[in-house]
Structures are given as C-alpha cells and as structure tokens.
Amino acid sequence: MGLKEYMNDIVEAVTTTAKGMRITARYGVDPKEEVTLQYPEERWEIPAGYRGFLNNDVKTCTACTMCVKVCPVDCISLESVRGADKKMVLASYDINIGRCMYCGLCVEVCPPKSLKHTSGYEMASVARGELILHFIAEDAAEIKARVARQVAEAAVKAEAAKAADLSSDLSSEAARAAKEEAAKGEPKK
Amino acid sequence: MTVRTDALPTQEMTINMGPQHPSTHGVLRVILTTDGEVVTRAVPDVGYLHRGLEKIGERVTYAQFMPFTDRLDYLAAMNCNCAWAWAVEKLAKIEVPERAEYLRVIVCELNRISSHLIAFGSYTADMGAFTPFLYAIRERERVNDLFEMLCGNRLTYNYARVGGVSGDAPPGFLEKTKEFLDYFEPKLDEYNNLISYNKIFVHRLANVAVIPAEEAVAYGLTGPNLRGSGVPFDLRKDEPYSVYPKFDFKVCVGTGERGTPGDCFDRYMVRINEMRESVRIVRQAVARIPDGPVMAKVPRLFKPPAGEAYFRSECPRGETGIYLISDGSVNPFRLKIRTGSFVAMNIFEKVTRGLMIADIVAVIGSLDIILPEIDR
Amino acid sequence: MEALARSLMNAVPLLAGVPLWAVTLLLIVAAAVVILVFALTFEGVGSLVLRKVAGDIQARIGPNRVGPNGILQFLADGVKLVLKEDIIPANADRLLFKLAPYFVFVGSFAAFVVVPFGVGLIAADLNIGIYYVMAVTSLVVVGVLLAGWASNNKWALLGGMRAAAQIVSYEIPVGMALIPAVLVAGSLSLQDIVRSQGGLLGIFGWNLFHNPFSFFSFFLYFTAAQAETNQTPFDLPEAESELVSGYNVEYSGIRFGLFFLAEFGDMFIVAALATACFLGGWNVPFFHAATLPWIWGNLLSLGVFLAKAFTMVLIMMWVRWTLPRLRVDQLMRMAWKYLVPLTFINLLGVSLWLLVFKGKGIPAMIASLFG
Amino acid sequence: MSHDPAHGTPPGKGGAGASAPFVASAALGPEAHVMVGNADLFVNWARKSSLWYLLFATACCGIELMQAGASRYDLDRFGAVFRATPRQSDLLLVAGTITHKMADRVKRLYEQMPEPKYVIAMGSCANTGGPFYKDSYCVVKGVDLLIPVDVYIPGCPPRPEALIDGIMKLQKIIMQRKNYGAKA
C-alpha cells in the first residue's frame, strides 16, 4: 500500500463519515422532519375502501351463503333455517376475525351488499374466544325453535285450510308430519 | 479474502444462527461451522416457515388463491398478485383491459420500490447502521399509504384479479403517486451520501462473496442477484409481459464499482439503481395511463380449460414463476411456484466458505432473501 | 483525603476525639457514595438521552409517555430490570457469571474517582491520574471476557473474544493519543493537565489548539476511545445483528442492567477525559473560576465541565446513530495500521514541537507577537 | 418460575412472578397493605412502561411490527424497544405464522425469557392459524396451543395502530396485576 493510497483511505473515511453525519444532523435538528404519529391521540385518516373488520348487516342479509363459500379460510360460519315465508332466516352469523385474512372476497360477492368492511382495526382482546364476532345476539337454538314453531304453525294453518275439503284422519297425519319436521329443525345441542 | 487456517491447530465449533436471529430476515437457520471468526461452512436449514402454499393452491379456487399470493412474498405482495393473475390469464387466455395492465405495472413498480427499500434498510441495519433502516421504512410507509388508498390494505393487498384489478384507482391516486415520486427520487441520493458510499460500508461489502457471472447463471440466480453479477437479464425486457415494452427503462447491472463485479456491494447497488428505474417506469405509466374498464369479463364460476401454463415475472427478489396445470375444474390440478429467494439459497453455502461471521450477515442481506418465498 | 480529614477535624471540634483513620474512611465512603449517585444518575439519564437523540435523528420522538415527556423512562427501566428474574444458564460457570458484570461496572465507575469536575471537585487528585484511568478502565475487558466465557454460549464467547482483542488493541492508540496532553502539562495528574490549559487565552488555551499535532491527537483519541467503549461503529462485542447481543446474550435482569449502565459510564469517562485533556476541562473561557468564592467557583467550573463533556457524549451518540459497523479484521487493521502509527507520529510531532518551541503553543506565540 | 399458589400470584398467563422476599409484607398488618398496594402500583408501572420486546418476526406481521417500531408509529414512545436476545426481553410478540417445525423454538424462546414475561399473539396466524387454518398441514393453529398468551390482536396483518392498541391493552392488564401482599 503506497503512502498516497494510505492517505486517500483516511481522507475518504473522514469525508464520507462527515457527509453521513451531516444528513443525520439535519434530521436531528430539524423538527419538521419528524413524522411520528402519536397514535392514541392522533390517528391516521382511514381511506374510504379500507378493509378493516367485517360487519354484516343481518337485517338485509339473505343467508345465501355466498360469503361462506368464497371464504378461503372458512372464517364465516352461518346457520340458517327456512322460514315460514320460504325465505332463509339467519340463526347465527359468526365471523372469526382471528382467522379472517381480510382479503375482501366475501364483500365482493355479497349479493345484497350486507357484508361490508368497516374501518375498525383495534380489537385487542384477552381471550381467543372474543375474536369471534356474533352478529346475532339471540341464541341460534332459540331462533331455530322459534322458526320451526312458526313453520309448524303455518303448516298447521295450511293443513287446516285444506282439511276443510279433505278427510279428518289425513289432516291429523299432516299435522303429525309437520310436528316431526319441527322436531328435526331442533338444534343438535 | 483467504484466511490461513493451517498455521495453528484450532478447534472448529458449530454455531446455530437462527431461526430466531436479528439478521436472518425471518426464520432462516444457518448452521455455521467456524474456526474462530472464520466460517468454514455455512449450511442453510430452511423450512421453518413452510406453510404448504402450493398445496393450498390446489385446494382453493383460482380467485381464492389470490390472497395467499400476498403471503408468498409479503414485501412484494403486488408483484405476486399480478404474477398469479398473469399466470391464470395465460392459462385461460384472457384479454385484460389496458388500463388494468397499466395499473398493475404502476403497483408492481411501486411495490418494487417499497420492497427494495426494505432490502436496503434491513441491509444497513444488518451492517450496524440502524438509522437508514428507519428512513427507508419512513419512505415505505408512503407507498403503503398509496396502496391503502388503492385497495384498502397496507401489506396484503389482494388487488389483482383474474382478468383485471379489483378496483379502479380512486380519484387523487395518480396525483399522490406523482407526489410520492417527486418526494422519493432525491432521497436516493441522500441514501447514497448517508451510507452507500460510506467508507466502512463499502469496505464491508466490496469484494465480499463474489458470484461470477457464469456461476450466477449456473446456479439459476435471477433478479437483482443475477444482475449484480453483471448479467443483464431482466424478464421485463427479455421476455416482455404486460405493457412493459411500452416503457423506457434501463436494466441495472453490477459493474464492480468498488470491487469485483458480483460482490455484495454490486448486488446492493443494483437495488438502489433499480429503485430509480422503477420511479421512471411509474412516471411514464402515470402519464400515459389510458381510460377504460379495469376488469375483463370473467365468469364468476371461473373454470379455465384443461392445460398447463408457466408464467414468469420479474419480482423484486428475482423470477417468480408460476406453473399451473388445470384439469378444467375450479381448482388448479397442480401448482408449482418458483421463487428467487429459494435459488439464492442454493449458492449460499458456496459463496460463504472462508468468510467471517459478519460477512454471513452481509451475504444474507445482499441476497435479499425472504423466508416465505424460500419455504413457501 | 487524609489532608482533608485533618482539616475537617481541626474545623469541627466535635470530631476531635475520633481517630484520624475513621474520619478518612468516612470521607472516602461519602465521596464514593456521591460519585456513585452521580454516576448512576448520569448513566440513567444518559440512556434516556441516547434514546431521545436516536429519536431525533431517526425522524421520530423517542420515549415520551412515561412521566412528563418521558423523563421517567430510565427509572422504569431500572426498576423493571432490578425486579426481573435473574437467570443463570444451567451450564454456566456460576461464580464467573455472577462476577463479570461487577468487573465491568467497577471498571467504568472507579474511573470517576479522578475525573476533575471542578476547581476543587475531584475525589482523588492522583498524581498518576491518566495512568489510573487507563488501568482501571481496562478492568472492563476482564469483565467482558469473563461474561463471554462464563455464559456457556457461543455467541457470548465470540463477543468476549472480540472484546478482548479489540480493547487490548485500542488501549495503545488511546494511551498514545493522550500523552501529548501529558507532555504539554508536564504532569500525569488530570487536575494539573486542566490547570495547564487555563490562562486568559480563552478557548485558545486548550490543548486542542496548542499545536497541529495535539489537534490531531484529539481526533485520534476520540476515534480510538469510541472503540474502547464499544460504541458503534466499533460495537463488535455486542454486535446486535451478528452476535445477537454478544457477550451479554445470556444476561438478564440486574446483571444486564449493570452492563447497560457501564456502557454509559464508559461513554462519560471518554467524554470527560477528552474534555480534561484537550478541551480545557473545567476552565471557563476568559475567566478564572478559582478566584471566585469556593462554592461559586466550583459550581461554575462544574457546569462548564459538564457542558463540555455532555457535548462530547452527544457527538458520540450522533456518530453511533450514523455509521455502520466494522468487521473484526477491519477493526484490527484500523487499530494497527492506521491509529497506532498515526498516534506515534503525532506523539513524535508533539515532542519535537515542545522541544523546538520550548513548550509554547501557537496561540501563545501569536499572543506574544501582539505583546 | 413455576406458578406457586402460596405466593398468591394470579394463575396462568404470563405469570407475574413475584419475588419471594416481598411476600412476607402481607403479614405486617393494614398499614403494610397500603404500602404494598403502592408498591404494586409502582412495580406494575415500571413493568408496563418498559416492555422490551423480543425481535422475533416470522412472517408478514413482522414487517408491520418493524413499521410499528419505526418512525411513523414509534413504539419507543411507550418505552418498548427491541432486544435481540430473549434473556433481556419482557414481551414475546409472536408476529407471524408458527409452523410445526418452528413450534418448539417458540416454546424455547418463551422459556428463555425471564419472569415476568408477557406474550402477544399478533395477527391471524398467531391467533388461530389464520389463512393457513383450513388447508395447511403444517401450521400451528394458534400460538396459545404452545405458550400462554396475554393479548390477541386480530388483523392480517394488524395495522401498527392495532399493535399499539394491543400493547396498551397489555399495559392495562399489567397494571391490574397483584404482585405483593396478595392474600396467601
């Protein structure tokens, strides 16, 4: 190593270090360069299409199970029964946000647009069970029983209307069948 | 650098580096056999993040696999998204509207910037300078904001769709992108002044782990790792896809600026220069983006015809090739993903022989590996 | 101490019956406690300042939610560390493992004894002050090596070995870079060195401006001393990204806390030595602090000294947050190929200067030109 | 390390391991209880204000963890800095997927941390296995099957704000811990 190279090394080390230190000093001194967002007090404005936690408007949900089918991770579980007016009635609609991957596929396919991403993102919880969102507060079994009762009543009513023309033993059999159907609708639990 | 180890009888020791180690970029485990500080052998042990992505791909539908590609390379999720979309489109021969292709190119290049920023930042952090890492992440946050505005998520975007993209650019997105580019371009010079040409940094990287061009080709390296060795191979130029032929950009190669071509410094510098080129591409794309739809007509129950397709695209970590066999059903029959990081791991053992422990960190950083790509 | 004890006994009649050694002992203990409190406070505050400086440089804020503006952060850290479980790894050498942090801590803390904080504020004005500092801070390497060895962890062992090689190598340039100050003052006592930089030349009385060689000496000392205190870019013994945490990788709780404190203690010692030897120590520019009443003179000089020393500490932090880390062979090359020859050349230069110009510095010569 | 019911520490999660000598103060009478209460408050305050987390990132959430620690969100404001070694960390942030191959490493890391230690499961993978719950054959379906978890943060990955929210939740939990003088 020649002397020139040796001195060059030293000079280069000093100048490049000084250059770098000038930049860090500028950041250190200039308060405008600070980009910190003091989170609990200041918040980042969430853009319109943000894919936060899912929310299902159960009033407009038709229980078509499109979301369940499209979900790649099975985080949506849905139970429904056929109501008296032939429409599906939601018995339970749970989303496991601890398993959800927030891909938004379910929102895209939802026909009545009842399933939507909210802008919520904070839901730290102390128990794993808390991560399952229940959108229907009522117990699924109760709903099912109620709907089954309604169906049975409707069936009985329809049968009663029919019974006006038909023989009596037939109508009693129909009623029994309706009751059986109601019993089948009972939850497994 | 050669180190004489025959002078004194010494005992070798075996050290476990990882899976929890600050600079293995995740859960890579390297089994080091060292003679003091000198590494005689470094064997990578992969598989700590094997999640069976390819198997999952065979069990879900084509559309459902899109969010999983986000997790394939979470630093460049957009590139993986688009690669999957392009692959499926190639399989099913779907024409994609031009606006969608432009949007894909914009997001891909933006994501290349943000991915290279992490590569740059974590590399400097590995070298002991923590501050540039935070600067890099600060810039990356801006890209994340853009993506969040575009598709509603910061890291796992799920933006591309088979046949287009999930949504058009919201009003103001293109302006914000331009704003970001104007902000970002001078920062690159700042990084160069701050650390790239710092004497210590140069000395740490130059002439370390030299991969000659032939060897890089022989080992199947792709992306910046290959270009760092001086091979001007870029899929965007050499096997053009999407609308890349319409843009004017340069393929950055390592020139042996501060040492031998193919050393760590070259691989590092290629990434820095590529960010500049990506800025150029995005500028052109933003200026020329046409109007029109962003989604082709694709049936909801998408069933590509039986057949196979291999599509490769230039991701920040090299070629991401997707090999698909379809049997005409809703699921792929077979899915194989080729990733840049995995092949980079092959050469690891060869180039690290005789280096020091600190150089192992430098090599891992310069290959810019990411574990889900290796293990999948 | 004995002289002080004697004068104290004369001043206070209550102490007349007490034997001299007891008063001396009492004084020594009192001085030790004062220094310990100062050192701990400095080290605690130092860690906080380090984080604040890091925050500023890195475009963020740093701790600001613990206590008003984060000033209680170091207290929280300290209390937490004290109350942590103290783990000794199963196959560790238990005795050495326990001993190591105390070596390191004592090594950094004992050097505070000869730091000239003010006109009369020095615990022990040893006539071999610099020599003492060099010797005592070398205890750190023993502790670090013990820690690395006793932990029964290969990363720690590597860290310990690196530390041993590094600190032993850098002792030489550090010592050689300090000798110009000794030569100018003609004494090894730190208090004498500081006094020699007094006079009404203001900042031009400092050794820094004494002659070109002493000017370079300062920078050489500062660079080498950074290495001796394991600061980035020379933080190889604990290189976070290579050796996980280096020699202290297996330490938890208060034992780690001692390492942590010693780091800042070392930092302060380096800054204090640089101040005392090159930056005029407690000398107030254009003013004789010694002419003031005892208490005011001391307070003023203490303030000046701390201001200078803290500036140096800030610069060290600034360097720390800017530069990348050297590799171990480069570190050795830097010591033996660059710093050692340069410091020797410098030493030669200063000696020749003093010989040729009869001990006069450039400012003094310029001043004599103007009468 | 193991939970000792005689010391009255709350069972299970994270284990607020009280040091034994202080427990005796429970027998000192009512004044001591006030003191003990204050001591609890002080100790908990110190612990919650200085949550050093282990630099342990396996997958996507690790990037959000980094970004939370970086300039924009700055975990350092809460006194949370990263440590590379488990011996010096208080908080294990499980950020990312844990595979079966990785499982025993996670357990070992947890065991290497000194008491009191806390665990946050960040993101879907750590919570339940997340995206890989259904079809993957090699992913641990929730890190709570391996180690006790204090706080679960949903999100895939959670925003840095959500992570900070989780850490603040953990701080609240720490403040409610009874370390000393709990009824034996």
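The chains carry the letters A, B, C and D, assigned in the order they are written, with residues numbered from 1 in each.
Quick note on the criterion: a contact is a pair of C-beta atoms (placed from the backbone, for glycine too) under 8 Å apart; a residue touches a chain by one contact, two chains touch by 3 or more.
Keep in mind it's a predicted model, so treat the numbers as computed, not measured.
Asker: A-C versus A-D: which interface comes out with more C-beta contact pairs?
Answerer: Comparing A-C with A-D, the pair joined by more C-beta contacts is A-D.
Asker: Provide the C-alpha centroid distance between subunit A and subunit C, rounded to the nearest whole angstrom.
Answerer: 59
Asker: Between subunit A and subunit D, what's the gap in Å when you average each chain's C-alpha atoms?
Answerer: Distance between chain centres: 27 Å.
Asker: Can you work out the whole-Å distance between the CA centroids of subunit B and subunit C?
Answerer: Distance between chain centres: 45 Å.
Asker: Using mean CA coordinates as chain centres, what's the gap between subunit A and subunit B in Å?
Answerer: 32
Asker: For subunit C, what residues touch not just one other chain but two or more?
Answerer: 54, 57-61, 64, 240-241, 244, 321-323
Asker: For subunit D, give me the residues that contact two or more of the other chains.
Answerer: 70-72, 74, 77, 84, 131, 156, 159
Asker: Residues of subunit A touching 2+ other chains?
Answerer: 9, 17, 20, 23-24, 27, 34-36, 38, 72, 101-102
Asker: Pick one for the touching-chains graph, please: line, ring, star, complete, other.
Answerer: complete
Asker: For the complex, which residues does subunit D have touching subunit B?
Answerer: Going through subunit D, the ones touching subunit B are 54-60, 62-64, 66-67, 70-72, 84, 86, 96-97, 99, 101-102, 105, 109, 131-132, 135-139, 156-157, 159.
Asker: Applying the document's contact rule, which stretches of subunit A touch subunit B when the two form their complex?
Answerer: Where subunit A meets subunit B, its residues are 9, 12-13, 16-17, 19-20, 23-24, 27, 35, 47-51, 70, 72, 101-105, 108-109, 117.
Asker: Across the complex, what residues on subunit C touch subunit D?
Answerer: 51, 54-55, 58-66, 70, 72-73, 75-81, 83-87, 240-241, 244-245, 248-253, 256
Asker: Considering only the defined contacts, which subunit D positions touch subunit C in the complex?
Answerer: By the definition above, subunit D touches subunit C via 1, 17, 19, 42-43, 45-47, 49-50, 70-72, 74, 76-79, 81, 83-85, 87-88, 90, 112, 114-116.
Asker: Going by the contact rule set out above, which residues of subunit B touch subunit C in the complex?
Answerer: On the subunit B side, the touching residues are 1, 13, 15, 21-23, 36-37, 124-131, 134-135, 138, 194-195, 198, 200-201, 203-204, 356-361.
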